[in-house]
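Both complexes below contain chain A, partnered by chain B and then by chain C.
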Partner chain A sequence: MENETTPKKGLSRTTIIVAFAILLGFLALLGWGLRNAQAGPVQVGQKVPTFDLTTFDGEVVSTSDLQGKVIVVNFWASWCKPCEQEAADLERAWQIYKETDDVYFFGVAYVDIEPKSRAYIEKFNITYPNGPDLRTTISTMFRVRGVPETYIIDRQGKLAAFKIGPYSSLGEIQAMIDPIILQ
Partner chain B sequence: MITNIGYGSLIITFVLSLYGIVAAIYGERKNLYRFVESARVAMLLTFPMLTLVALSIITLLVTQHYEVQYVYNTTSQSMPIYLKITALWGGQSGSLVFWAWLMSAFASAVSIRKWSRDRDLLPWVIVVSLVTLAFFLSMIIFFENPFQRFWASPGSREIVAMFQPAGTQLLIPNDGRGLNPLLRHPGMVIHPPMLYLGFVSFVIPFAFGIAALITGRKDDRWIRLTRRWTLVAWMFLSIGLILGSRWAYDVLGWGGYWAWDPVENAALMPWLTGTAFLHSVMIQEKRGLFKRWNMILVILTYSLVIFGTFLTRSGVLSSVHAFAQSAIGPMFFIFIGITFIISLALLIKRWGDLKSEGVMHSLLSRESLFLLNNLLFIGILVVVFWGTVFPLISELLTGQKVTVAAPFYQRSTAPLFAGLLLLMGIAPLSAWGHSTWKTLGKAMWKPGLLSLIVLLGMIISGVHSIGALLGFWLASFAFFITIHEFWRGTKARHKRSGENYLTAFFRLAARNRRRYGGYLIHLSVVLMAIGIIGIEGYQTETQAKLKAGESIQLSGYTVTFKSLAEFDTNDGRNVARAVLDVSKNGKNLGQLYPRRDYFYDSQQPMTIPGVRSTIEDDLYIVLVNWEQISSGSATFKVFHNPLINWLWIGGILLIFGSFVAAWPDQERSLQLERKLASQNSSVVPVSSSD
Partner chain C sequence: MGFKKLSLNLVIKFTNILFVPFMLFALIGVSQVYAQSGNPPTADQINAIAKQLYCPVCENTPLDVCPTQACAQWRDVIRDKLVAGWNEEQIKEYFVNQYGDRVLAEPPKRGLNWLVYVLPPIFFLGGLVLVYKNIKNARKLESTITSAPIVEDDPFLKEFEDVLRKMEENGKNG
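Now for the complex of A and B:
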């Protein structure tokens, strides 16, 4: 901390350089973190980290078990009116794709009350795995800004496409997923 | 109209601060004191100007001008008026204005003090204060203007702008979106102002410290001048932290009071260095030691304040406290970088001048124990800092943002806090310059014995956890020593002056506020420690799904679920409220009503636990889940939090103690007391070097 006895005038050059290096290193780290924070949603083509979803049924599904498959991640909430607009279409899309075993759907309830989420799932007869976004880790990973948002991960685990806001039809959902299956 | 007044005043204040900076530097360089004087007046004026800005925003909020984006985003018709006023700090831009406003209040207050003795410091104090202020103002003006309004263009696109874009009309929504319901809590109404006050008042000691560095003054004048500022800043920061914990306990519904969230840490870090600073300045005052260290601490404290503000507002680390992301991140980053680099450069430049005037003689002297205290505080800081930035480092190295969880902090800081408790007991008994085990032991054995009796009592009564025993023993040790100190002082005064004990006690404390205020704070820390050990070591919890009439047991309590009702209120909430009977050992203790409020306007839920508080423990029940009225069952989480209320009682005492310590002394009584003190009240024989 302090050198009480040595009659030194100032600091040695090495100490100064080390002090500045530490400071600049810290600033660089902050700057880098800031750049990431400002980057907005995950970019298409970026590798998406795997995640676990604890469903409302208490099961844990993991995207790491689904390598080589196309994964559709839909963020929604029971309080979100636009989400209701696409809910039935998403379920219909799931009914179509689940036969192929190529595409998996995940629903993530974003900042929601559990009973209301359950009621929402029941209301729209949603059958693909749905769960709460515990500690908002999943939405943070995708840098979700609001709901609904849908992200489609390709067979290589990279983000292939995303949709901010609700889908307006089943056709729109298929138009987005089909080319990714064929890749 | 009001928006224009507010925005105009904002611009004028910004120009004033820029002018003040330039005039102060020019006056100092050219030795033209009238320019410095003019800069001082400019600094003085920032406060009334920003008051006008704050009042404009408050007027807009209260009069429901929903065409103003900020008003729309933070208030709604159903909110009571006090919440509309406090919405001033409920959103990003408003809270920046509030920050700047408080900052200007302190800057103005500094500018009206008597400067005749410290003219050389004045220009640089002005520069540092006004640069900080100007930075915040520039962010408000260029990035987060709270006066922007909604405009509708013919193509029905909505535009947010300060001034009317061509071909548009003002768009006036009927109602706003309302304040985040989590912030609609009395604790939240006061918590941010207190924290901000703590933050901004640390700017002043920093400004003096930097002024001393620039002018090359080697004496401890800057420390004496800012001692009270520091204490006030520290007090506000402490209040902010305590209120924040209380809010978390009441509102967040997870049975705890501190989550080691990045933003909580951001407020804790300057508090840690500030507390270390409060102790180490005494060493510089009394012994001329630690000059460099104090400078480092004051720079660190200010830097951590700015760093904390940056963390909260840039979205670099995700947190429950984070504001919406905005463009101010990069600006803030540049400001932080410049502040850090200049401070470090100045410190390096003056390093040789800040040599200590003395040396430490004895391991047990007050100064060396204070040094140890400082090291412990810095140790805690390092832990907290590391935990806070770890997600960034892990993301950089592994690509995964790994958040450090509470157990890491608890495990690593607990021994350091224990060390602080021990020092809190020993250090007040040691003398400046030189102490020995013999003198210390003489002063310590009685309270030490009492604390051992407490320890024995606890073992007999069935406490077996080593950690809790050690914690409680240290707490009682520090407690008895502090009480003993009060007693010794009172007794000495009683003997000397013939006053009765009560009078002697009050006069003693009144005449030596800093010291006895400090002891009160020590006592409060002991009480808080008891609460913290209680909840950390002995909190129990259980969760169960109950049908009406079913019960759940926890720590002797029986909780019976009676009924649940779901209804809408006329202030825009949907409430689900459960009724529970509480009894202990067959004795009925009344009912608790945990509920879940859902706010329609902001589309957010809020958990309000049902809490039964005694000084012994809290029974804390959260309504987790409920099903349709048909099945009539609900899930509850029940926490038993022993001793938690001592945390809040300690908090109140801490505020009181800080008031006592910070209250201005009258010069005359101070001198008298010094005379008396030198005759009688020192606790152990004081060495000749004092």
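Now for the complex of A and C:
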């Protein structure tokens, strides 16, 4: 007498495959997010995408218009005490390099509020273009972790050097920029 | 009586003449002061919005409890905007426009962010379905086992019983 009843399998093969595909997709998404979150600053030699900065005066400055020049991008904030340490030296460096027309300085106010940023610029008599990092797009591009951070882009549009933390002197700024101008 | 009534009317009229303009003046004065000073937002009102925001500088710390100067500045901005008559949504939108979506405690429901809202309920429902199916199968299996008919004339069983009986008899005989 054949009365054997085999228990029915719970899930079909298709359901299992779909479930695994969704799970793998989800894990891949998590991995991608984690990789981005843990990635350090842009590496030297990497091509830096072009970006626009709308200055506090309303002028739009684009790095695409500055091809062939060395670009110094300094991230700062009015609430950042170490930024104050280098502010005067950066302005002095700008006064030296702006005559040569080889170097262009950008100041990017990171996670700051406009009235405080303006007060900071006035306090240190900063004359190079400065603007807010709207929607933190520029700092995200450079994967900025804090301020001050300074990035120097060479004439080919590649990252040539960067400094995490404040410059200690004008000499240190020049020692970083001069070799890049000569390249 | 007539004199008393007359004097009472005079007192009432006099009071009205003095009192009504005084009250009007006082009311206008009060409303002017109120309008000039605005309605200062309470710390609770500021924190109600602040706790929905995260400053990118201090990761994983909501703005209402963040101790840094940057966060203090942001809370001042919230206060200023509330004084200016902005509502919660307008203030949040302002912060998003300035600093990006990542300042929001809850990601906005657009683009890939939808996955955050859609996937957990889907996984939860999927899990429920799996548990339900497994329980159902387990019950079915259990009933199959318990309700299996006992075969009385099974030759194997008969043979087994015979062997047992013989062993018992052998044991009794010594």
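Basically, the second predicted complex is superposed on the first by the 146 of 183 C-alpha atoms of A that agree within 3 Å, B and C clash if a C-alpha of one lies under 4 Å from a C-alpha of the other, contacts with A are read in each partner's own complex, and residues count from 1 in each chain.
Everything below uses one rule, namely that a residue touches a chain if its C-beta (ideal position, glycine included) is under 8 Å from a C-beta of that chain, and two chains touch if they have at least 3 such contacts.
What you see is a predicted model, and the numbers here were worked out from it, not measured in a lab.
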item	value
First, second, both or neither for A:P132, with chain B first and chain C second	second
Residue contacts with chain A in the superposition, chain B compared against chain C	B
Touched partner set for A:W79, first chain B, second chain C, both or neither	both
Partner chain(s) touched by A:G165 [first = chain B, second = chain C, both, neither]	neither
Partner chain(s) touched by A:T140 [first = chain B, second = chain C, both, neither]	both
Which of chain B and chain C A:V111 touches, first, second, both or neither	both
Chain B versus chain C as contact partner of A:L30, first or second or both or neither	first
Touched partner set for A:A19, first chain B, second chain C, both or neither	both
Chain A positions touched by chain B in one structure and by chain C in the second	1, 5, 8, 10-11, 19, 29, 77, 79, 111, 113, 116, 136, 140
Contacting residues of chain A [partner chain B, same complex]	1-2, 4-5, 8-11, 16, 19-20, 23, 27, 29-34, 36-38, 49, 77, 79-80, 111, 113-116, 136, 140-141
Chain C to chain A touching residues, read off their complex	55-57, 68-70, 73-74, 76-77, 96-102, 115, 119, 126, 130, 133-134, 137, 140-141, 144, 148-149, 151
Chain A residues within the chain C interface of the complex	1, 3, 5, 7-8, 10-11, 19, 26, 29, 77-79, 111-113, 116, 132, 134-137, 140, 146
Touch list for chain B against partner chain A, complex	289-290, 292-293, 310, 314-318, 325, 329-330, 333, 336-337, 340-341, 344, 348-349, 351-352, 356, 359-360, 371, 389, 392-393, 395-396, 399-401, 596, 598, 603-605, 624-627
